[in-house]
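Two complexes come next, and they have one chain in common, chain A, joined by chain B in the first and chain C in the second.
And then the complex of A and B:
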């Protein structure tokens, strides 16, 4: 499984929804990383322990919510894993679960 | 056509041009003047240019700068004068701070933003001690909040406010969330305001980042009939360890909340707006509806909850308030003993843009040792 250090490879502070609004956006993360992982069926463990800010609802719904809606819950969780250690990782896991449920409820 | 004929045609057109120019302006074109005649002409042009710049305008700031009921009209009238004279090339303008006795931080951020947009392109601001605040406390406040630095004025001997700490004004045109981290770390250095509570930290980050994103995404439209810095927003914060209180605020000079809704291009939002009749309601009613009511969810995302995030942070604390100023309206949400009271007010005069102020008062000391 590929281990993805979010702070090192993307940004220390996750941004807003789209690049038009601000840098390090959810849309950029989805286009640059998530779409490739899903196309190549590459399982990834995301580690956000190096980030300095919590993930906002806009980033989460634009990045993870959209992927869950496109590929379905089963495929989503077969690809996306969050590291089990650390406060920020546990918090991210809860938030991803929440936004996946919201996205799939529509 | 041979070279001789070309020269003849060129000479004819040059002759015609000189003749027309002389008829119109009563003199030879500048290009054809001799050296001495050119010098004389330049001197005359300079004098006539200087005549255009009239007597310097001095805009005196009132003694109390505040957005509260009593002082709002005077403050906004002064802002109008600044907007009229400061951007103009025809006037030399000075802003007299010497009579100020008190400035509320909300008014200060609006003033700083207004001056910034007016001097964006053509003017350089200079510090004139004659017009500096005479009140020591006011001067310390302006130094602490980075008022002079905001206009790129380098000033020596910066005496800062010792009782109250201010985060220097942050200004940007993008929703860069590192500024949210900057604000949080400013408070976190000296205060235990999040109480090691992950939810409180999440709510703090969400509130500020949503406010900034709203300013960039919705506040500004393409054609506006006044000077603006597109997508601009301002952020500042302060804490007072003796009174155990902190506040932070976010301001933009956009079209205001109500008009931003009318420009929204999403069909569901338009439907919801007409369902609640928001475009005929007052500014303060619109703000209240956005904070309290459930907004429609967009087709494929869970958008539209930005305003709800603003109030979630206040709900964590026993005493706090959220004040949202937009155009003619203000809506205040005051948290006291587990309940939130709402106060709304409509003014006659309009504040440009939207200002969101969060205030928290702690019932115990939260200062870190």
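And then the complex of A and C:
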């Protein structure tokens, strides 16, 4: 499984929904990383312990919610894993679950 | 005179008593439901007030690090609010919008635009239907 250090490879401070609003957006993260991982069936463990800011709901919905909607719950969780350690990772895990459920109920 | 015997009276009072107990139960359920609803409405109102207060606290002259901290706290508040379960989608849409609006506010460098964004954000929070 690929280990992805979010702060090192993407940003220390997750941004808003789109680049039009601000940098390091959910849309950019989806286009740059998530779409490739899903297309290549690459399982990933995301580690956000190096970030300095919480993820906002617009980022989560744009990045993870959209992927869950496109690929379904089973495939989503076969690809996306969050490191099971540290406050920021545990928070992200909880929020991703929430956004996946919301996206799939739409 | 009316032809009632003791058994009829016992039956009558048993049925009457059961009916009173049933109505009391219905009332208690309704009363609790109504109180829970009022309590939830009050908590939601307080939560939105708190959000407005967080928006009011961000100042144009705050250092960037302070603005980032405020955005961070604001995201925590909206991410982990559990008062809108039954209207989750509605709340999610709202929370995503105010997240982006707060982000724009925290990163605005023109004082006049900052004021406009702040007022718009406060107005969005005020007009949220819950």
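Some observations on this one:
By our rule, the second predicted complex is superposed on the first by the 106 of 106 C-alpha atoms of A that agree within 3 Å, B and C clash if a C-alpha of one lies under 4 Å from a C-alpha of the other, contacts with A are read in each partner's own complex, and residues count from 1 in each chain.
In this text, contacts are C-beta pairs under 8 Å (C-beta built on N, C-alpha and C of every residue); 3 or more make two chains touch, one makes a residue touch a chain.
Bear in mind that the values here come from a model prediction, so they are computed numbers and not experimental data.
For the composite obtained by overlaying on chain A, chain B and chain C cannot both be accommodated without a clash. Residue contacts after overlaying the shared chain place A:102 against chain B and chain C alike. In the superposition on chain A, A:58 makes contact with both chain B and chain C. By the touch criterion defined above, A:50 reaches neither chain B nor chain C. Of the two partner chains, chain B is the only one touched by A:24; chain C is not. Of the two partner chains, neither chain B nor chain C is touched by A:72. Between chain B and chain C, the partner in contact with more residues of chain A is B. In the superposed model, A:16 lies in contact with both chain B and chain C. When the two complexes are overlaid on their common chain A, residue A:87 makes contact with chain B while staying clear of chain C.
On chain A, the surface patch touched by chain B in one complex and by chain C in the other comprises residues 13, 15-17, 21-22, 52-54, 56-58, 61, 91, 99, 102, 106.
Of all the residues in chain A, the ones that touch chain B in their complex are 12-17, 20-24, 52-54, 56-58, 61-62, 65-66, 69, 87, 91, 99, 102-103, 106. Residues of chain B touching chain A in their complex: 174-178, 180-181, 184, 198, 201-202, 205-206, 209-210, 212-213, 216-217, 297, 299-303, 305, 309. Chain C meets chain A in the complex at residues 68, 71-72, 75-76, 78-79, 88-89, 92, 95-97, 99-100, 103-104, 107.
Per the touch definition, chain A reaches chain C in the complex via residues 13, 15-17, 21-22, 52-59, 61, 91, 95, 99, 102, 105-106.
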